[in-house]
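Multiple structures follow.
Two complexes, one shared chain (subunit A), two partners (subunit B, subunit C).
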Partner chain A sequence: MNLGTRKILDRSFSAVGIGSIAVMGIALLIVIVPIVYNGLGAVFFTETIEHRNMLYNEFGKGDKAELDKENAAAGIYRKEAYSMLSRFEAEMETMEPVRQQEFRSKYGPVQTALRHLIGPLPGDEEAILTRYRYGQTRWEKAEEKLHELLYEAKWDYSDPNSMAKEYFVSRAAEFEGTSLVRLFPYVENNLDKMLQPRFTVYWGFLTDSSVDSHIFGGVWPEIQGTFFLAVGAMLFAFPLGVIAAIYFTEYARDGFFTSMLRSANSTLAGVPSIVFGLFGLAFFINTLKVSESKSVLAGSLTLAIMILPTIIRAAEEAILSVPKTYKEASLSLGSTKWNTIMTVILPAALPGILTGGVISLGRAAGETAPIIFTAAVSVGSAIGIADVLSSPTPALSWNIYNLASEHEAAAEIRHVQYGMVLALVSIVLLLNLSAILLRARISKKLKG
Partner chain B sequence: MNLFRKIAFSAAVLGFMAAGTADAASKIVMDGSTTVGPIAKSFASYFTKTTGVQVTVSESGSGNGAKSLINKTCDIANLSREMKDKEIAAAKSKGVNPVEHIVALDGLAVVVHPSNRVQKLSKAQIRDIYTGKVTNWNQVGGPSAPIVKIQRESNSGTQDSFVSLVMGKDNPVSKRAETQASNGAVKNRVASTPGAIGFIGLGFVDDSVKPLKVDGVEPDERTVRNGTYPISRPLFMYTNGQPTGVVKQFIDLKNTAEGKRMISELGFVNR
Partner chain C sequence: MQMTADGRDTSQIEQVKTAMRDIYLPSERKQISGGGNPHVTAKVFSIYYGEFEAVKKVNADVLSKYVTSIIGPSGCGKSTYLRAINRMNDLIPGCHTTGALLFDGEDIYGKFTDEVLLRKKIGMVFQKPNPFPKSIFDNIAYGPRLHGMNDRKQLAEVVERSLRKAALWDEVSDRLDRNALGLSGGQQQRLCVARALAVEPEILLLDEPTSALDPKATAKIEDLIQELRGSYTIMIVTHNMQQASRVSDYTMFFYEGVLVEYAPTAQLFTNPKDRMTEDYITGRFS
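What follows is the complex of A and B.
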C-alpha cells in the first residue's frame, strides 16, 4: 500500500473515532441536560403562597407570623375577586330563566378554573383530599392555569372530514355585558399579588414524605427504600460473590463441573431482570415465605441474585490479576493457603472487588423489574429499619414508572417525576464516583 | 486488615438493626387494580394520618391483586371486577376465604381525542369498533381517520368488565387492538393520538380526553348511580374472611362521611 493511501486511511479512521465519541457526547447531553434541568425544577422553583401554606399545614414548616402577614396581603386581592363572584351570582338571580341557565353553565367552569388557580372559594365545603385544599403551588403551573381561566378551549368541528382544530375563546367575551367581565383582567393583572410568588429552594423534596400520593411533598420514602433495597442486596450478594470467586480461582480444579459452573454463572448474568422479579415472587414470597407480603427483604434477595454473577466475575478477575509472585512469596515463607488468601491475595485484589461491588450496587438501586412483584409499592410511608423484614417500600425506580403511567394526575406532577429521576441518577452516579475514589485510595495505600 | 473489619462491623450493625421485630398488627398491605388505586391511595393517606397505621398500596392490576390474596401476601385485594369462580376455587384450596366489599361504583368512560367530532356511540358501535368490523371514524359519523383501538392487558379488571359489559362472549376484541397496562397509560395514549379510542375509569377522565355518550347517556355521577349509563360496574375490595381490627376499620372507611367525600372528590361514585 502506498504511503498516501495509508495516510488517508489513518486520518479517516481517527475522524470516525472522534466522530463516534462526539455522537456519544451529544447523546449523553441530550439525555442528561433535560433530566438535570427538569429535575432541579423539583427543588429550585418559584413557589406561591399556596405552597407555603401547604408546607405549614402539612409539615409545620415556616414562620406563622410571616405567613399570616402574607396571607393577609394576598387576601385583600382575593377578597376583591370573591366579591366579583358573589356580585355576579346575585346578578344571575335577577336574569330571566333562559339567560340564567345559559350563564350558569358557563359560570361553573370559571369557578373550577379559579379553584385550580388560587384554591377553594369561600363557601366551598372543605375538601378531604389535600390536592383540593390548595391552589397552584408552583408559579409556572399557575400561569398555565391562568390561561385556562382566561380562555376556554374549544374544538372546531365544522369540517366533518378531518380532525378538529383547537381554538381559544376569551371568557371575558362570553360574559360581555355582565359584572363578571371585570374578573378576568383583574385576576390576570393581580395574580402575583394573590399568589405572592417567591423563588425558593425546597430541600424538603428530598427529605419530606409525599402528601396525597405525590401531589405535594417530597420523595424521602422512595430514596430510603432505594437505599434499603440496594444495601440489602449488597449484604447478601457481596460476601457470597467474593467467596464464590475465591472458590473458583483458588480451590476449584479445572474440569467439567467447574466449567459448567462458570457458564451457569455467565448465563445468569444475561438473564433479563423481569425473570428475576418473577422468580423472586414465586420462590422467596410464595414458596419460602420469607415475609407475609412483598418486603424489602424479598426484594433485596431478588436483587442480590441478580447482581451476584457480576460480583463473582469482577471478584474473579480481580483475584486473577494479582501477580502470581505475591502468592508464591507468601507460600514459600511457610504461610498456609487460607492465610495467603486472606492476608495477601484478597487485600491486593480489593480495589477490583470493591469496584465491581459498587457498580453492582448502582445497578441494584436502578432496577425496576425485580422489585415490581417483590418489594415496591406505589404509596407507603418511609419504613423504619426494623420493618425491612416484613414491609414493602416505595422505591425511586418503580415510582418513576408509576408516576409516568399509572398516576391519575400524571400530567400535573411531571416535576415530581423529573425530581425522582434526577435523584436516582445522582444516587447511581455518586455510588460509581465513590467506587472510583475508594479504588484510588486503596491502590495508593497498597503501593505506599 | 482494618478495612475488612470496618466492613464486617457495619454489616453486623445493619444486620442487628434489621433484626428488630416489626409490629405486624399495625400495618395493612393492599394490592390490585389501578382503577381502585386512587381510592386506595387516598384512603391510605387518610387512614395513616388519622390512626397512625402504616398502609402500603401496590397497583399491579386486578388479576395480580386476586393472586396476592390467594397467596396470602396482601391484607386487602383491590379488584375492579368480581372475583372469578376459578380464583375463588383456588383461594378455597389454599384456605383463603375471599369476602367481597363494594367500595364504590364506577362508569367505564369510553374516551376519544377531543379533536374527534364524534360525540356519542351506541354499545353496538363500540363493539363493532373493537371487533374490527368498523375501522374508520367516518363509519360512525366522524372524520375520515383510521381508528386506533386501545385496550387493557388480560390481567386488568377494567378489561374484563369491558369485555363482559360491551363485547359479550361471542365477540372477541380484535387482535389489532393496542394494549396498555393501566388507566393512566390508556388516557395518555388517547390524549396524544387523534384517532384513538379507549376506555378508562370515570375517576381518570380529565380535559385531555373526551368521554363519549354511550347509547345517548353521558357518563357522570348521576347516570352511573341510577344505572342508566350502560357500562358501569362496582369496584371491590376483598379480604380473607370477615375483616377484623385495623383492616375492618379501613374497609369501613367507605361508609363514613369522609370516605364518601374522598370517593366523590376523586370522581368515582358512591353507592
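What follows is the complex of A and C.
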C-alpha cells in the first residue's frame, strides 16, 4: 500500500470515528435534554396556592398565618365566582323545564372544570381521594385546565373517510343570555388572583412520600427502595463475585469442570433480565421462601444473581491484569498463596474490581424486570431498614414504568414521571462518576 | 598463525583467556570464613516441562557463602535450574522434577517440605525489577510483616539495615513513603535485593539481575554482590561472561540442559576442560 492511500485511509477512518462519536453525542443530547428539563420541573416550578395548601395539610409544611392571609386574598375573587354560580343556579330555577334541562346538562361540566381548576366548590362533600380536595397545584397545569373551563371539546365526525377531528366551542357562547356568561371572562382574567402563583423550589419532591399515588408529594420511598435493592444486591453479589473470580484465576485448574463453569457464567451474563425476575419468584420466593411474598430481600437476591456474572468478569479481568511479577515477588519472599492474593494481587486489582462493582450497582439500581415479581410495589410508603426482610418496596425503575403506563392519571403527572427518571439517571450517573474517581484515586496511589 | 586440529586460531583463544584472567583477580577478594560447605546439592536432578526435559541429570554442590554463576546459551535451562531451587517452578503447570535437590541436606522436593518456609530461606531477585506498587518502606517491610513482625520501630530498623546492605539507603532514606515504582530501574533492582535480604535468607538467587540495567547501575549491583559475598550463598545467572568472571567464585556452564562444566571461575575461564565450554567462552556461539 503506498503512502498516499495509507494517509487517505487513516484520514477517512478518523472522519468516520469522529462522525460516529458526534452522532452518539447528539443522540445522547436528544435523550438527556428533555429528561433534565422536564425532570427539573418536578422540583423547580410555579406553584399555586393549592400547592401550598396541600403541603400544609398533608405534610404540615408552611406558615399557617401567611397561608391564611393568602387564602383570604384569593377568597375574595373566588367568592365572586361562586356567587356567579349560585346566581345562575337561582336563575335556572325560574326557567321553563325544557330550557332548564338543557342548561343543567351544560352546567355540570362547568362545575367540574371549575373544581379541577381551583378546588372543591362551596357545599361539596369532603372528597375521599386527596386529589379531589385541591385544585391545580402547578400553574402551567392550571392554564391548561382554564382552557377546559372556557371551551368545550367536541368531535367532528362529518367526514367519514378520515378520523374524527377535535374542535372547541366557547362555553361563553353556550350560556349566551344567562347570568353565567360573565363567569368565563372573570375566571380567565382573575385566575392568578384566585391561585396566587409563585415560583418555588420543592426539594420535598426528593424527600417526601407520595400522596394519593403520586398525584402529590415526592418520590422518597422510591429512592430509598432503589437504594435498598441495589445495595442489598451488592452485599450478596460483590463478595461472592470477587471470591469466584479469585477461584477462577488463582485456584481453578484448566479442565472440563472449569470451562463448564466459565461458559455457564458467560451464558448467565446474556440472559434477559425478565428471566431473572421469574427465576427469582420461582426460586427465592416459592422454593426457598426467603419471604412470604415480594420483599426487598428477594429482590436483592434476584438482582444479585443478575449482576453476578458482570462482577465476576470484571474482577477476573482485573486480577489477570495484575503483573505476574508481583505474584512471583511475593511468593519468593515466603508468602503463602492466600497471603499473596490478599496483600498483593487484590490491592493491585482493586481499581478494576471496584469499577466493575459500581457499574453493576448502577445496573442493579436501574433494572425493572427482575424486581417486578420479587420486590416492587407501585404504591407504598418508605420502609424501614428492619422491614427489608419481609416488605416489598416501591422503586424508581418500576414506578417509572408503572406511572407512565398503568397509572390512571398518567397524563396528569408527567412532571413526576420525568422527575423520577431524572432521579434515577442522576443516581446511576453519580455511581459511575464515583467509580471513575475512585479508580483514578487508587490507580494514582498504586502508580506513585 | 597457529591452528588447532579443527581449524581454530589458537592465538585468538589465548588472547581471550588472558583478557579473562585480567578481569578475574581472586587475590583482591576478601577471604571467606566458615563457608564452603555444600549448600544446594543436586543428585541426578532433572526438570521437565511436561515431557520435555529442560534440565538433565545435574549433579553438583553449590558451596555456601560463595558466589556461583550460571552461564550458557539462551534456552539452555539456567533459569529453570535456578527457579527449581526455591520452587518457583511450582507456578508452572506441568513442571515436575526427578532425582534429588537438597538444601542443607533436606530434599527441596520432599513430600513434607514446606515450600513457603523454603522460600523464606532462599530469596530471589528477578530479571526485571519487580517492586510492589507500594511505598519503599512497605516493599522492604513486606517480608518481615509476613513473618509476623509488626512493631513499627523494629520494622524501621530492618528496613534501614536491608537498604544499607543493598547500598540504597543514602539514595532513598528521605523518601521511604514514596511509591517504589518512582525509582529508577537500577534503584528498583537494588530495592528488590533489599526486599529479599529483609527476610534474612541464607541463599540469594539472582536471575540476570542486570540485563535490564545500564552499565552504571550494573556496576552498582556487581559491587553489591561483592559486599554480600561471604554473608550469603549467591547464585547468579548471567549472559555476560565478564560479569560472571568479575563476581563469581565458581561457574556452572549449561548447554541444552546439561551441566557441561562446573569449576572455580578462574579455572573455567582460563583453562576449560570441555571443548564446548571453550567454544562458548571464546564467543564461538552464544
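Odds and ends about this structure:
Keep this in mind: the second predicted complex is superposed on the first by the 435 of 448 C-alpha atoms of A that agree within 3 Å, B and C clash if a C-alpha of one lies under 4 Å from a C-alpha of the other, contacts with A are read in each partner's own complex, and residues count from 1 in each chain.
In this text, a contact is a pair of C-beta atoms (placed from the backbone, for glycine too) under 8 Å apart; a residue touches a chain by one contact, two chains touch by 3 or more.
Not measured: the values here are computed from a predicted model.
By the touch criterion defined above, A:Gly123 lies against neither subunit B nor subunit C after alignment on the C-alpha atoms of chain A.
After overlaying the two complexes on the shared chain, residue contacts for A:Lys165 are found with subunit B alone; subunit C is out of touch. Counting the residues of subunit A that each partner touches, subunit B and subunit C differ, and the larger count belongs to B. In the superposed pair of complexes, A:Thr343 makes contact with subunit B and with subunit C alike. Contact with subunit B, but none with subunit C, is seen for A:Ser293 once the two complexes are overlaid on the shared chain.
Using the contact criterion defined above for the overlaid structures, shared-chain residue A:Ser213 touches subunit B, although it does not reach subunit C.
Once chain A of one complex is fitted onto chain A of the other, the partner contacts of A:Trp155 are limited to subunit B, with no touch recorded for subunit C.
When the two complexes are overlaid on their common chain A, residue A:Ala329 makes contact with subunit C while staying clear of subunit B.
Using the contact criterion defined above for the overlaid structures, shared-chain residue A:Gly270 touches neither subunit B nor subunit C, since it reaches no partner. Within subunit A, the residues touched by subunit B in the first complex and by subunit C in the second are 343, 347. The residues of subunit C lying in touch with subunit A in their complex are 86, 88, 91, 93, 116-121, 123-124, 126, 128, 130-133, 142-143, 146-147, 178-182, 192, 195-196, 199. The residues of subunit A lying in touch with subunit C in their complex are 253-254, 323, 325-336, 339, 343-344, 347-348, 445-448.
Touching subunit B in their complex are the following residues of subunit A: 127-130, 132, 153, 155, 157, 159-166, 211-213, 231-232, 235, 239, 285-286, 292-294, 342-343, 346-347, 350, 372-373, 376-381, 383-394, 402, 405-408, 410-411, 442.
Against subunit A, the residues of subunit B that register as touching in their complex are 1, 3-4, 11, 14-15, 17-22, 24, 27, 29, 31, 34, 37-38, 40-42, 44-46, 48, 54-60, 64, 68, 71-75, 113-117, 138, 143-145, 181-185, 188, 194-195, 203-204, 206-208, 258, 261-262, 265-266.
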